[in-house]
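Look for subunit A in each of the two complexes below; its partner is subunit B in the first and subunit C in the second.
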Partner chain A sequence: MISERMINIILIGLLVIIPAWAYLADEPFTITLMTRAVIFALAAVGLNLALGVGGFVSFGHAAFFGLGGYVMGVLAWHAQSYTPFLEWPFLIEGTQSMPVIWVIAVILSALLALVIGVVSLKTTGVYFIMITLAFAQMMYYFSISWSAYGGEDGLSIYVRNSFPGLNTLDPIQFYSICFIILMAVLALMARLVKSPYGLALNAARQSPKRVEAVGLDLHQLQLLAFVISGAITGLAGALFADLNRFVSPNMFSWQLSGEFIVFIIIGGVGRLFGPVIGALVFVGLEHFLGEINDYWHIYLGLILLLIVLFSKTGVMGLLVKKEAHHG
Partner chain B sequence: MADVVLATYGITKTFGSLVACDDVSINVRAGEIHAIIGPNGAGKSTLISQICGTLIPDQGRVELMGQDITALSGRARALAGLGRTFQISQLAMEDTVLQNVILGGVGATRRQWHFIQPILSHHDLREQAEAVLERVGLIDDRHRQTAILSHGQKRQLEVAIALMLKPKIFIMDEPMAGLGLEGSKQLTMLLDDLRHQAPILLVEHDMDAVFTLADHISVLDYGKVIASDDVDAIRNDPVVRDAYLGKDS
Partner chain C sequence: MSFVLLAEQVLNGLQLGVMLFLMSAGLTLIFGVMGLINLAHGSLYMIGAFAAASIAGLTGSFILALLAALTGAAIAGGIVEMVVIRRLYRRDHLDQVLATFALILIFSEGTRWVFGSFPLYLDIPTYLQGPVFLPGGIQYPLYRITLILIGLVVAFALWLMIAKTRIGIQIRAGENDREMIAALGIDISKLYTIVFALGASLAGLAGALVGAIQSVEVGMGEPVLILAFVVIVIGGIGSIKGAMVGSILVGLTDTLGGVFLPQILQLFMDISTANNVGSSIASMAIYILMGGVLIWRPTGLYGSRP
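This part shows the complex of A and B:
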């Protein structure tokens, strides 16, 4: 048996070594696959704060992923077509600057999460699942009907957005950006769950009555977790759109919301690096099995079933010996 | 009466046609342990819930240090000075004992919006928590997972968390329930000592504990206070013997 920390280090090692090998061996497609995995991991790290630590199962996180994607798509589209996003009451131009797009994606996703959270956190369990799903579906149909931005067809962006000093079209450079963001967010998460806020949020999942009895507001604790969670997934969405240089209503789809949950369950609910394992497994299966068989989701389902049957805490739980776990 | 810490005035609560609390008025004074006894279903827990804010009374009010707290939420009452322990343990079972106690300190010092500094390097809270654990006798178990504590230790932990709130009054619903002889002796000693810090409103079925600890006893029957007096008077009250004590003593 090895410690969770050891597994985390091995995972970081994989995220460095595989792309480095692919770079040296001139296998850009492998780098692109790894970028996809890293971005999915980031999206699920966001969800994990709400689902794993907070304990409320959001089945609508594609709402934030898609919003982040459309922030990128819409701003970059206006920039490439030389039309302003807004002329009145003040001028807002499009942009192809990644940092600007990220900031806006994070802010708007946080605001959306605030709205969705205020409404849905009044409920729990199945009702919470349904309300979050309903919000994401609303976003989905809205994006389909918004023909100015491609409607069902989505938006294509010809040139990847720019980052000062880097050539973002070079796969390894874009991968590095995504990898560093993932690491930074994981480091923040690690701190957050060990902070007083993290302690309170963790306890709120386990014993709501206890949390209220020590004078803490359950609802506020959970709402903030949901907002941070949505913001992170929104950032992942902006990166995902940049990876594909394309955004479409599919980024709002409920299947995607479900896949984020699957990443977390595969890796280990509430485990810091759980989503990284889940996303790697998913992208790996998608690639290797997808080549052999169009129905590769069946195998994904089987793996999921086995994991849920044998370990409540995913792959991480299978590998790490049982311990008092907190963050 | 200047030394009244907690008072209820004419608390009434009905569930359908059942009157669970019927015009209940009690006073808890500084330095005393005030026990509430009564047969199963007498309305003791219902009264506690209304004092702690998890149930709203149909009529009547609750005062803490002369302030009307009837309109406050349970959370606000905790901050106002009610240190509650639950009849069924409410603990973060996956967390360590120390983390559970520190949680009380996070609430009391309103530090829930601190995001960066690790909780265990909030040294003031940690030291306070360790002192409290020392006091309830759990210091050697502080790094153990809460779920694996014995039932008695969980009861002690509930008291420890309440202590972190530095409450103006402790409200305890059947803390001895399910404890063995040794466990209830230990907890009795602990509560005996606590009264000097803040008075205790104690709901308890264990009569040995009640007669050892209580300064004042109120007897509830069918939601009504049928007697409220010092220990000796209650022990010799014929009405009380008839309604309650007669059956087991």
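This part shows the complex of A and C:
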């Protein structure tokens, strides 16, 4: 059997080799598909901290994904129309600089996660699932009714935002940005999970009473995980909006929240690289089944149903045959 | 803001509320008895609407269409319970969410495959068209009044069934202690199938009744499903009474908020800003209500305290 570390290295290799091949073979569409997969993977890596490590099933992570998307959309829209975002009490201009957008997307997503987390982490189990779903739906309807930013039609951005020293409209350069961010976040996650905080969070999932008995604040542990988780998914949302140069209320849709969970399940719950496998498989299925049949969601549904009913471990589990150390 | 307008909006809110009750009663019953969170409940709502629209198209009879919605959704629910759902009762909530999410994908795309992407239309029968005149000079569509009445009758029948009949006793016993009632010789897996099919038929009925006001299309179930989630979170999961109170609260908040918040805000700001801000806040009103209830009572109004 292969070790999980080996699979992770193979995965990183694939994420480098496939786009490199596509670049040499002049297949920009493949690069765009890979970019999509990498961004979805990033969103699911964020969710995996809450769902896999923390053990609370958020069915509303599209709220952060969409917020990240709208941060990009709104700031870039103000920049391209030369109108300030806010004039009073102080001037805030729009911007088309990616790093600035990322920072703002991360901060605002973290704040939203704090608000949603404070209310929903009072509950557990099914309540938590439904409440996170409901809050994401609230953001969805809010974005539809907010006509100043396109309402139902969304916002189009004509030029992709800029990153110092790079031409972001070149697919391979934009892919590289997304890939490096994903790798950086995965490295951060690997450290976080092994840190004292990560161990405590893991313990809080397995045995909440004991964690409280040793004097740790369960609620604070989980809230922090939810905030970090939301912030990462928000960052992925900003990148996704930049990939499409378009944001719409669909980025808040409940289907997307469901798909993020699906990525994690396909890959293997609680595995560091699980979401990466899941996102790659999903984007692959979407592309290849979508070519064969317009109704490819039926096959996706059947595959998912079979995975849930008969295999608990996901692709990573099939390959490794060993319990996830935090899964 | 006249009395007539207020009365009409209250009736609209009630109508939304009773339809939400038909959805959330099934959801909360299924959760209470089997401990299952069923995302595919919205699909059963859609199946009811499609069954009704097809039969109405074939026969022209609205009554037959409603019967088709009830039986179609009940049969679909029964089959799904026996093939998939019963394997999920012992699983954790994550598995239940995923499997029923998969069912939504299968049902939605399957329906699109069979019926195409264009919406179907279900007409209000002629004898239910037109307005009724209520005291106080209120004119209100007869069909919507009928919906409110049907909802109330179904709610009463459901209460009778659960409070007074043998199957109702079994359902309540199943909520409290499923091992005990299995030990008493009641076929628990048959009971589960019946409860699931009952919940499904209520959802199907709601789908058909609402389908005559809106269009019948793929994806019509999920927005209602999420509203029904808000309802049972507010009312307390597993409580039929909570589902009733929650439905009416959500129905009224959603309807009245959408109409009156912009008008109230006009007192403080100019009209166009008031309309924008008002409708934005109104779209969030029920979720704010839900958040408020949860801060006050984390298990809902009538939920069991841990």
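Keep this in mind: the second predicted complex is superposed on the first by the 321 of 327 C-alpha atoms of A that agree within 3 Å, B and C clash if a C-alpha of one lies under 4 Å from a C-alpha of the other, contacts with A are read in each partner's own complex, and residues count from 1 in each chain.
As a working rule, a residue touches a chain if its C-beta (ideal position, glycine included) is under 8 Å from a C-beta of that chain, and two chains touch if they have at least 3 such contacts.
All figures in this text were calculated on a predicted structure; none of them were measured in a lab.
Trainee: For the overlay on subunit A, clash or fit between subunit B and subunit C?
Mentor: They fit: once the shared chain is superposed, the two partners occupy separate space.
Trainee: Name the contact category of A:Met72: first (subunit B only), second (subunit C only), both, or neither.
Mentor: In the superposition, A:Met72 touches no partner, neither subunit B nor subunit C.
Trainee: So, A:Gly215: does it touch subunit B (first), subunit C (second), both, or neither?
Mentor: first
Trainee: Figure out whether A:Ser207 sits in contact with subunit B (first) or subunit C (second), or with both, or with neither.
Mentor: Touch status of A:Ser207: first partner only.
Trainee: Is A:Ala105 in contact with subunit B, with subunit C, with both, or with neither (first, second, both, neither)?
Mentor: The answer is neither, since A:Ala105 touches no partner chain.
Trainee: Quick one: subunit B or subunit C, who's touching more of subunit A?
Mentor: Comparing touch counts on subunit A for subunit B and subunit C gives C.
Trainee: Based on the superposed arrangement, let me know which partner A:Tyr197 touches: subunit B (first), subunit C (second), both, or neither?
Mentor: So A:Tyr197 only meets subunit B here.
Trainee: Just to be sure I read the superposition right, which of the two partners does A:Leu33 touch: subunit B = first, subunit C = second, or both, or neither?
Mentor: After superposition on chain A, A:Leu33 lies in contact with neither partner.
Trainee: Here's one for you: vertex at subunit A, rays to subunit B and subunit C, all C-alpha centres; what's the angle to the nearest 10 degrees?
Mentor: For this superposition the angle at subunit A equals 80 degrees.
Trainee: Please work out whether A:Met138 is in contact with subunit B alone, subunit C alone, both, or neither, and reply first, second, both or neither.
Mentor: second
Trainee: Once the two complexes are aligned on their shared chain, state how close subunit B comes to subunit C by Cα atoms, in whole Å.
Mentor: Taking the overlay as described at the top, subunit B lies 13 Å from subunit C at its nearest C-alpha.
Trainee: Would you tell me which residues of subunit A are touching subunit B in their complex?
Mentor: Touching subunit B: residues 191-192, 194-200, 202-203, 206-207, 209-217, 221, 324-326 of subunit A.
Trainee: In the complex formed with subunit A, which residues of subunit C make contact?
Mentor: Going by the criterion above, the answer is residues 31, 37, 84, 87, 93-95, 97-99, 101-106, 108-110, 112-113, 222, 226, 229-230, 232-233, 237, 276, 279-280, 282-284, 287, 290-291, 294-295, 298-300.
Trainee: Given the complex with subunit C, which residues does subunit A contribute to the contact?
Mentor: By the definition above, subunit A touches subunit C via 51, 57, 59, 119-120, 122-123, 125-127, 129-131, 133-135, 137-138, 141-142, 144-148, 254, 258, 261-262, 265, 269, 295-298, 300-302, 304-305, 308-309.
Trainee: Which subunit B residues qualify as touching subunit A in the complex?
Mentor: Within the complex, subunit B contacts subunit A at residues 52, 74-76, 78-79, 84, 86, 90-96, 99-100, 102-104, 106-108, 110-120, 122, 143-145, 161, 164-165.
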